[in-house]
Structures are given as structure tokens and as C-alpha cells.
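Presented sequentially are two complexes of subunit A, the first with subunit B as partner and the second with subunit C.
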Partner chain A sequence: MAHPSQLGFQDAASPLMEELLHFHDHALMIVFLISTMVLYIIVAMVTAKFTDKLVLDSQEIEIIWTLLPAIILILIALPSLRILYLMDEINDPHLTIKALGHQWYWSYEYTDYEDLGFDSYMIPTQDLTPGQFRLLEADHRMVIPVESPIRVLISAEDVLHSWAIPALGVKVDAVPGRLNQTTFIVNRPGVFYGQCSEICGANHSFMPIVVEAVPLEHFENWTSLMIEDA
Partner chain B sequence: MSLPKPVMRGMLAKRLRFHLPIAFALAFGAAVMFKYTVTEPRKRAYAEFYKQYDSVKEFNAMREAGIFESVRPSGE
Partner chain C sequence: MAGEEQESNSKGFRLLGILDVQKTPCARDAILHGAGGSLAAGLLHFLATSRVKRSFDVGFAGFMLTTLGSWFYCRMSNAKLRVQQRIIQDGMRNKIVYEGSVLDPTIKPAAETPSGPS
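Our next item is the complex of A and B:
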């Protein structure tokens, strides 16, 4: 989850999010390069004592300020497209979960296992126990096995929502009448938080997503218990 | 006593010859500084983290701390 006075992204917990972090560093480096140059030129222009009133054109500078941005754009586009295609790589998910957005909660269906589904409501602030996070905790977490490719099918039952978990680099719109798919792998065990990312009404800010990644044997124990309780 | 002839032309070119290399150098320097103070340390930090990472040990520590809801601490 986010921590106080955080400036950058949350620590990555999936390989894709790591790639996105490094790409962002690359793009930001280019932003600093351009900004430094523009700032220096602005200061040089503002402090100039004379103005050349007779400069009408200059082929050389036109060539430079066409070619240089084109090269910079290519340097940004190549890693960006690499990650884009990486996201679409064929992988063989071990598990498929449906995440459905409602006003104002998420519901998860593990249809690989017969009859495992539950709703996930935010825990109200007054019901939090010490150590829990305000506006982020949910009564039932989406539990998944760690280091396994997971497919999540996302849709909505009423209005637009969006299923997002920053630490995993996932954000997918939940559109009523449409099934969107995303796949991810969680590198390490832990609890990862997200919040609904598409305005959906009064309680849009109060329908968080909590994903719990645990080793496979514990995941299977959990599914057995959940099926028994159902 | 005549005054020295003032510079009459080429002032913009002279200014550009002075300032543009500095602008490029500063910009490139800022990029290199960012690369070696942010980008490379972050890549190294992630590589080091996963080199020594023992997910079973970390999982058990988190479990005993009571973080998970699907898996309670071993005492419970």
C-alpha cells in the first residue's frame, strides 16, 4: 500500500510492475533532459541584452529541432512497445477469477472451484482493529497463490468501475455487459491493496480491493475451507 | 584618438556558440545524474532484493505477525 509522503510508485510485486517502474525512470530521465535544456534556454533568452530583429529563418535549427525530438520519441516508444507486447504474451494461467464491480463492493467468483464466490465490502472506519488501514481494508480478501499466473476476468453489474492494484501494475475497467481480462503473477507473498478507479457514485472511494498472495498449499486449504463454509 | 570598432554583426551566432553547448551539456548531465542516482540504484535494489529473497521465511514471518486472513498464525 502507499506510505506517508510517498512520491513514487509503490514497491512492485509483479514482474510487469517492475518493468513499468524501470520504464518510468527512463521516461522521467528524458523529461529531466528536455526540461533542463528548455529552462536554460529560457533563462538565456530572458537575460539577453540584444535582440536580432533580422533573423527570419534558419534551416539548421529547423533540422535540429525536428530530428532531435523524433529521435527522443523513438527512444521512448521502443521500451514502451516492448512492455505493451510483454503484457499480451501468451501465458497459461493456473487460476481464473472473476471480479465483478457493484455499487459499492466487489464480488469474486472462483469458478475453477465449484461454488466459491463471495462479496468484498470495505470495513467501515469505526469497525477497524488496530493496525488495519482506513478505507483500504475489506471484509473478504481475494486470495491467490504466489508465483502462479492468475487470470482475472473483470466486469460490472451496474455502472462503470475499475479494478486496480498499483503494486501489481494492474488497472482494468469493469464495464457492464463486457468482460475484460488481465493476467499477472505475484512475485512474493503479502497483502496488496487497491481502490476502485472509475467514478461510480457516492461510495466510489469506499470499495477497496485487497489481494492476499499466499503459497499454493495454504491457498488450497483456504479454498477448501471457503467451499465448506459456503 | 579613435574608439575601437564595436562588434557589428554575428552577435546572435556568438551567443549561441557560447550557450548551446552549455545547454546540451547541462541537459545531458542532468540525465546522466538521474540515471546513476535513481535508475541504476533502483534496478540494483530490485535485483539484490530478489537474489537473497526467501519467500518461505518471509511468508512465515508475515503469517506469525497475523497479516493474513486466509492463514492464521501457527499458534491459533
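Our next item is the complex of A and C:
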């Protein structure tokens, strides 16, 4: 999860988010250099003592400030498109989960297993135990195995919602009557938090998403327990 | 998690308020190389021409080019290392999974002996 006053991204927990972080650093360096250049030009123009009153045109600078932005845009676009196509790769998911948005909770269905489905409500602030995070904890977490490609099918039962987990680089709209798909792999065990990312009513801010990535045998134990309890 | 979360001792230093040189890989080295390149280019130009303002311009151009060059070189190296790391991780995982099985590449197939009728 994010720590207080955090400005940057959370640490990546999936290969896609790692790539997004690297691309962000790349784009930010380009932005920094452009800003430095603009600042330098401003200072140079402000401190110039002489003015050339007879400038009509200048082919050289026109060529430079046409070509340079084009090159910069290509340098930004190529890695961006690479990641875009990486996101669409088909990677043979081991598990499919349906995440359905409701007002105002998420429900998860593990249809690969018989009869495994549950709702995930936010834990109210007054019911939190010490160490839990306000507005982020849910009573039932979506548990998945680490290092396994997971397919999540996202939809909604009433209004628009959005299923988002920053640490995994996932944000998918939940549209009523439509099934959106995303796939991801979690690199490391842990608990990853997200929040609904599409305005959906009074309690839009109070329907968090909690994904718990565990080793495979723990996942199998969990599914067995959940099926027994159902 | 139990206890208070400790803030990292080194809060990132952001150049122009946007580029965190401490936490962004390759950023610190690129900026330092750029500063060195800028100083060298500007100084050499001034020593050669004694033109102050133009030397500043050359120094700035040197900063941009050196920073970009160092940045891309470092990023390419890191990307190659990450690919190698991923290959090694996959190999280690596959070794654990396939060790001792028919698919284990380290087990050489035994020479086939002709078996007569029993």
C-alpha cells in the first residue's frame, strides 16, 4: 500500500508494473531534460543584452525545433507501445476469477472450483484491529497463488466501477453487461491494496480491493477451507 | 502490519521537483556524468575561444548530450541484466520442478540395451 505523503508509485509486484515503472523513469528523465533546456533558454533570453531587430527567418532553428520534438516523441512512443503490446500478450492463465462490482462491495467467484464465491466488504473504521489500514481492509481477501498467471474477468451488477490495484499495475473498468479481462502475474507473496476507481455513488470510496498472494500450497489449503465453509 | 511504519532515512532528492535522483535507477549517475561533461565541454570551449556566453551554451549542450548518453547506456545495461536475471530465475524454478523427472536436461538417457525375448 501507499505510505503517507507518498508521491511516487508503489513498489511493483508484477512484471507489468516493473515495466511501467521503468517507462515512467525514462519519460521523466526526458521531461526533466526538456524542462532544464527551457529554463536555460529563458534565463539566456532574459539576460541577453542585445536584440536583433532584423531577424526575418531562420531555417536552422526551424529545422531543429521541428526535428527534435519528433525524435523525442519517437523515443517516448516506442517503449510505450512495447508495453502496450506486452499487456495484450496471451500467457495461458492458470486460474480465472470473476470480480463483480456492486454498490458498494466487490464479489469474487472462483468458478474453476465448485461453489467458491464470496463478497468482500470494507471493514469499518471502528472494527479495525491494531495494525490494519483504514478504508483499505476488507473482510474477505481475493487470494491468489504467486508466480502463476491469473485471469480476472471484471464486470458490474449495477453501475460503473473500476477494479484497480496500483502495485500490480492493474486498472480495469467494471461495466454492467460487459466482461472485461485482464491477466497478471504476482512476483512475490504479499497483500496488495486497491480502491474502486470509478465514481459509483455515496460509498465509492469505501469499497476497497485486497489481493493476497500466497504460495500455491497455501492457496490450495485456502480454497479447500473456503469450499468447506460454503 | 504491527508497529509503526518507519519512513526511509533518505527522502528522495528531486531535481526541479520532478526527478528523484536517489530512488530512480541510473538517474544519479547520469546527472553526475552530465555535470562533468558540461564542465569539461564548457571549459574547453572557453579555453579555446575565450567566449563566455557561447561557452555556457556549449557547456549546456554537453550536459544534455552526456546525460542522455549516460542514461541510455545505463538503462540498456540494466535491461540486459534484468533479462538475464529472469532467465536465471526461470531456469532455477524449472530445475526444481523438473529435477529427477523425465524432462530433467541434466539426466543423460541411458544407452539402450537390446532386450531379448523373456
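Simple rule for what comes next: the second predicted complex is superposed on the first by the 230 of 230 C-alpha atoms of A that agree within 3 Å, B and C clash if a C-alpha of one lies under 4 Å from a C-alpha of the other, contacts with A are read in each partner's own complex, and residues count from 1 in each chain.
By our rule, a contact is a pair of C-beta atoms (placed from the backbone, for glycine too) under 8 Å apart; a residue touches a chain by one contact, two chains touch by 3 or more.
Keep in mind it's a predicted model, so treat the numbers as computed, not measured.
Taken together through their common subunit A, the two structures put subunit B and subunit C in a clash.
In the superposed model, A:3 makes contact with subunit C only, not with subunit B. By the touch criterion defined above, A:65 lies against neither subunit B nor subunit C after alignment on the C-alpha atoms of chain A. Of the two partner chains placed by the overlay, only subunit B lies in contact with A:215; subunit C stays clear of it. Of the two partner chains, both subunit B and subunit C are touched by A:25. Touched residues of subunit A, counted separately for subunit B and subunit C, are more numerous for B.
By the document's definition of touching, of the two partners only subunit B reaches A:55; subunit C does not. Touch criterion met: A:12 reaches subunit B, while subunit C stays clear of it. Legend: residue contacts after superposition of the two complexes on their common chain; A:141 is shown touching subunit B, with no touch to subunit C.
For the superposition on chain A, the stretches of subunit C under consideration are 20-28, 92-100 or 110-118; the one running into subunit B is 20-28.
Common to the subunit B and subunit C contact sets on subunit A are residues 22, 25-26, 28-29, 32-33, 36-37, 40, 44, 147. Only residues 12, 18, 21-22, 25-26, 28-30, 32-34, 36-37, 40-41, 44, 48, 50, 52, 55, 141, 143, 146-147, 187-191, 212, 214-215, 218-219, 221-222 of subunit A touch subunit B when the two sit together in their complex.
Interface of subunit C with subunit A (complex): residues 1-3, 5, 7, 12, 15-16, 18-20, 23-27, 30, 53, 56-57, 60, 63-64, 67-68, 71, 75, 79, 93. Remark: subunit A residues 3, 8, 22, 25-26, 28-29, 31-33, 35-37, 39-40, 44, 130-131, 147 touch subunit C in the complex. Of all residues in subunit B, only 11-12, 15, 19, 22-24, 26-31, 34-35, 38-39, 42-43, 46, 50, 53, 55-56, 58-59, 62, 67-71 touch subunit A in the complex they form.
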